[in-house]
Amino acid sequence: MDYFAQQLINGLVLGSIYGLIAIGYTMVYGIVGMINFAHGDIFMIGGFIALISFLILVSFGLTAVPVILLIVLLVSMAITALYGWTVERIAYRPLRHSFRLAPMLSAIGMSFVLSNFSQVAQGARVKPVPPIITGGYTLHHSADGFVVRLSNVQIVVVLTTIVLLAIFTWLVARTRLGRDMRACEQDQTMAALLGVDVDRTISMTFVIGAALAAVAGMMYLLYYGQVDFFMGFVAGIKAFTAAVLGGIGSLPGAMLGGLAIGLIETFWSAYFSVEYKDVAAFSILIVVLIFMPTGLLGRPEVEKV
Amino acid sequence: MGRVSTSATDHSPPHAGFAFILKKALLSAFVALVLFSLMIGIRTEAGPTGQLTYWTRFDELAITVAIVFVGSIVIELVRRWLGPSGASELVPARVQNGLAASGRYVAPALLIFTLLVPVIFYRQRYILDLGVLVLTYVMLGWGLNVVVGLAGLLDLGYVAFYAVGAYSYALFATTFGLSFWICLPIAGILASLWGVMLGFPVLRLRGDYLAIVTLAFGEIIRLVIVNWQSLTGGPNGISSIPRPTLFGIPLTPGPNGFAAKLGIAFDPTHRLVFLFYIILAMALITNWVTIRLRGLPIGRAWEALREDEVACRALGINTTTTKLTAFATGALFGGFAGAFFATRQGFISPESFTFQESALVLAIVVLGGMGSQLGVALAALAMIGGFELFRGLEQYRMLVFGMAMVLLMIWRPRGLIGHRAPTVYLKQAHAISSDLVKEGHG
Amino acid sequence: MSGSDHILSVDALTMRFGGIVAVNELSFGAERREITALIGPNGAGKTTVFNCITGFYKPTGGTMRLASASGEIALERLNDFRISKLAKVARTFQNIRLFPGMTVLENLMVAQHNTLMRASGLTFLGLFGVPSWRAAEKRAIEHATFWLNRIGLYDRADDAAGNLAYGDQRRLEIARAMCTEPTLLCLDEPAAGLNARESAALSELLLSIRAEQGTSILLIEHDMSVVMEISDHVVVMDYGVKIAEGAPHEVRDDPRVIAAYLGADEQEAIAVMESDT
């Protein structure tokens, strides 16, 4: 029972990270109808930026952890958002009116560029960091000595996710930008005719998605203590699975899907096998797309003949 | 669903002079500075004690930003020079027509040249090796072409069939001692079966979703290979895979060897030449079968499926079996190529069967101009040849490959060969411009 | 209206999309060797009915019986491609669905897919160029040529279908449907976008198809001149239900039909009509 509770906690934390990445996928798919293959690598870049920022701040002698965290959060969000903006401008915008295959192949190309850029720029080896946030709370001592712990890192991850989610939901529901995004999702042509700057709206969608992915990257770094140039690929597919599971185009769905995938992966590793946990995630993607393509919270589509 | 002219397009007004270019270049340089400030400016590395250290590389950062600045100016100037019609006017119409007309001779000439490669380059093992590699990818490209180019089904997991073929041969050969020639059809059939199994679940999926599911299948195969150590040897792979024999005669140095039988001195190049002609034959058979199938109802159904699936259903075509046969055929050739790969290397491991391979083969098919046999062959030559140029610079290889993919999609998404040849005609075959040909949605 | 020589009997056909009832208990019949027109204002559900008949939608309720050579076929139980292959029902589309990257001739060859597949021995005989296959291919090309001449596109046989003029594309789509040798041909707004001369040519083509091939035709159309000229029987729909059925001139003067098209009330329509006389 305690083991179960621990896995539950771990799964929710992992799921928060996936959810943050999944939001980027679902927003982009909703507004331009493409799977941003490079998004997972944006997450990876976010992790690297966070890593380097930490190093610099620490080497400058800064020791106050909350201050460091805040600065790193803002810096990595800003720079990674710029990456997202650049990728969209270079690789996707010229292809917006091209045929379906082009943006996807361009995205795959961009994914290779980002992950190999990281490999070339920072070396192929895994980058470890010492634990930045330590300590936690013991929730329960079980009879056989198993301890259920809620670490501070986990609390930080979940809290950050909740705060960002709240800000982001407000953004989409209440601001002009959010309204423009929803308009473009429904009908780009009409939105443009009504004065919405479609190019800018799409750019902002990518930017926000990238910023959230950056947060996920930073959370990943804090939680797992390392980054590597290849982490974007698998995390990207899992996050996309989460977006699909939750219902592509639905923001609460993305978070829900993320939590679900995080839980499934954690429980699978804990109770079945660790080696095949990625296979489990990929299989879920296949199963969902085949049997439930609209996901949990999505809207069904009727084929127009 | 029309084009909407939104604000800031990429075309600058012609009268905005140098100031505009400069401003744009400065902006690009600034963006580059921010993007690369940390990633290039700072270099981290795990120290000997496992602790992370870093050092600065501001000079490299400065150089990169300068390159971006200059490059931005150059690109803008080139764009101005080319004018609104882009690069298509670069080559005058006469030359274009001439090239198109001589296109008929390219294929036979290329074939003759390829047949003579082992003769011409007999002393250069490196070239022969490269030739074998190119031909392997040509065959893979022709195989994937059936799925993506003809049927319009977006397969991002083609490497799975390659892997199934390779591991089937490796396992059958090392476990049961069967020869390459017997295992080859088995490998193909097993890959083909996997193709059908892949096809069934994805029948109703379209476009992007189909692509990502096939990607997932490809990854699953690789992960299973890596983790099922008892069967596949896991990350260590399978080694000592036997080489093919010529009618049972091995190409080895001993008295039973091919050289001894012919009474000539043994030369390791013999085996390489043998492998070269094997893959050439396999590729040519793939080509012949594909061309024949295109002219048969099944091939036409594939292309019709790509053009408009709904219309196919309305004409009584069973789109399910059509899709499955496309997958099965593509998988068959992929499996054959995989078996060849295993026998050529003598050793296989899961590292050879990553998503990058699938992307590479897909890039070859798209670059070639989906559906065009000659185009795919030329594209394979260009890609693999291009990769070879990066010997010693392997790190940058995938980086450049990624950028090349992006540029290719922006500049020439339809690939090298800009037209489709019809399979039946009353009076004369008119090549159809690729602008009209649909790319398929899966 | 019961029995006689119905090629198609639609009974209480209902189609629901979530909460919307697009077609509500529709019943009508199309007679053999006749041209039946399905008309009504936009949004009446006509294309939905077509999609049900041709297997693109699965109807929520009702039956559609096709009288074929081998007995009665329940269309609501067949799906998809089988309706064309087994029940011999062919269709064209509102937004022309040709194969634009294939030539005119290739389009017509694709239509003969099933015949050719059998003749090619599921491809294997064809792969080796067996004489029986080559003869079958030749027959198929001749069949295609016959239709090319019928629609006057023989000279464009090797051109890309996507390059044809709009009117030619419409005719090609009809010829392609006819290459499947259907017993029932369903046309979705075949005259849409055609000028007067082209519409007249279309009418002539359809009449000749009925006369020479003996194919029964069911068409959705907004062009009243075409409907009046060639239809033997007209069914009028509005808001998913049948509001009138009969010979063309009967239906044309029916106040309910006029009201539906004008968006007016039936009483108003009668009042307007009576005030004229």
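Lettered A, B and C in written order, each chain numbered from 1.
Please note the rule applied: a residue touches a chain if its C-beta (ideal position, glycine included) is under 8 Å from a C-beta of that chain, and two chains touch if they have at least 3 such contacts.
Everything numeric in this text was worked out from a predicted model, so none of it was measured.
**Q** Can you identify which chains form the pair with the largest number of contacting C-beta pairs?
**A** Pair with the most C-beta pairs in contact: A-B.
**Q** Sort the other chains by how far their Cα centres are from that of chain A and give me the top one.
**A** Most remote chain from chain A, centroid-wise, comes out as C.
**Q** Counting in whole Å, what is the centre-to-centre distance of chain B and chain C, each centre being its mean C-alpha position?
**A** 43
**Q** At what distance in angstrom does the C-alpha mean of chain C lie from that of chain A?
**A** Spacing between the chain centres: roughly 50 Å.
**Q** Indicate the whole-number Å distance between the mean C-alpha point of chain A and the mean C-alpha point of chain B.
**A** 30
**Q** Spell out, as numbers or ranges, the residues of chain C touching 2 or more other chains.
**A** Where chain C meets two or more other chains at a single residue, that happens at 56, 93.
**Q** So which bits of chain B are touching at least two other chains?
**A** 310, 438
**Q** Where in chain A do residues touch two or more of the other chains?
**A** Residue numbers touching two or more other chains: 305.
**Q** Under the stated contact criterion, what part of chain C meets chain B in this complex?
**A** Touch residues, chain C against chain B: 54-56, 80-85, 90-91, 93, 97-103, 105-106, 109-114, 116-117, 120, 123, 126-127, 141, 145, 154, 157-160, 162-163, 176-177, 180.
**Q** Quick check on the complex: what are the chain B residues that touch chain A?
**A** Where chain B meets chain A, its residues are 1-4, 6-8, 10, 31, 34-40, 42-46, 50-52, 54, 154, 156, 201-202, 204-205, 207-209, 211-213, 215-217, 219-220, 223-224, 227, 310, 355-356, 359, 362-363, 366, 395-396, 398-399, 401-406, 408-410, 413, 438-439, 441.
**Q** Within their complex, state which residues of chain A touch chain B.
**A** Touch list, chain A to chain B: 33-35, 45, 48-49, 51-53, 55-56, 59, 79, 82-83, 86, 90-91, 93-95, 97-106, 108-123, 125-130, 188-189, 192-193, 197-200, 233, 237, 240, 275-276, 278-279, 282-283, 285-286, 289-290, 293, 305.
**Q** Enumerate the contact residues on chain B facing chain C in the complex.
**A** 289, 292-293, 296-298, 300-301, 303-304, 306-308, 310-319, 420, 422-430, 432-434, 436-438
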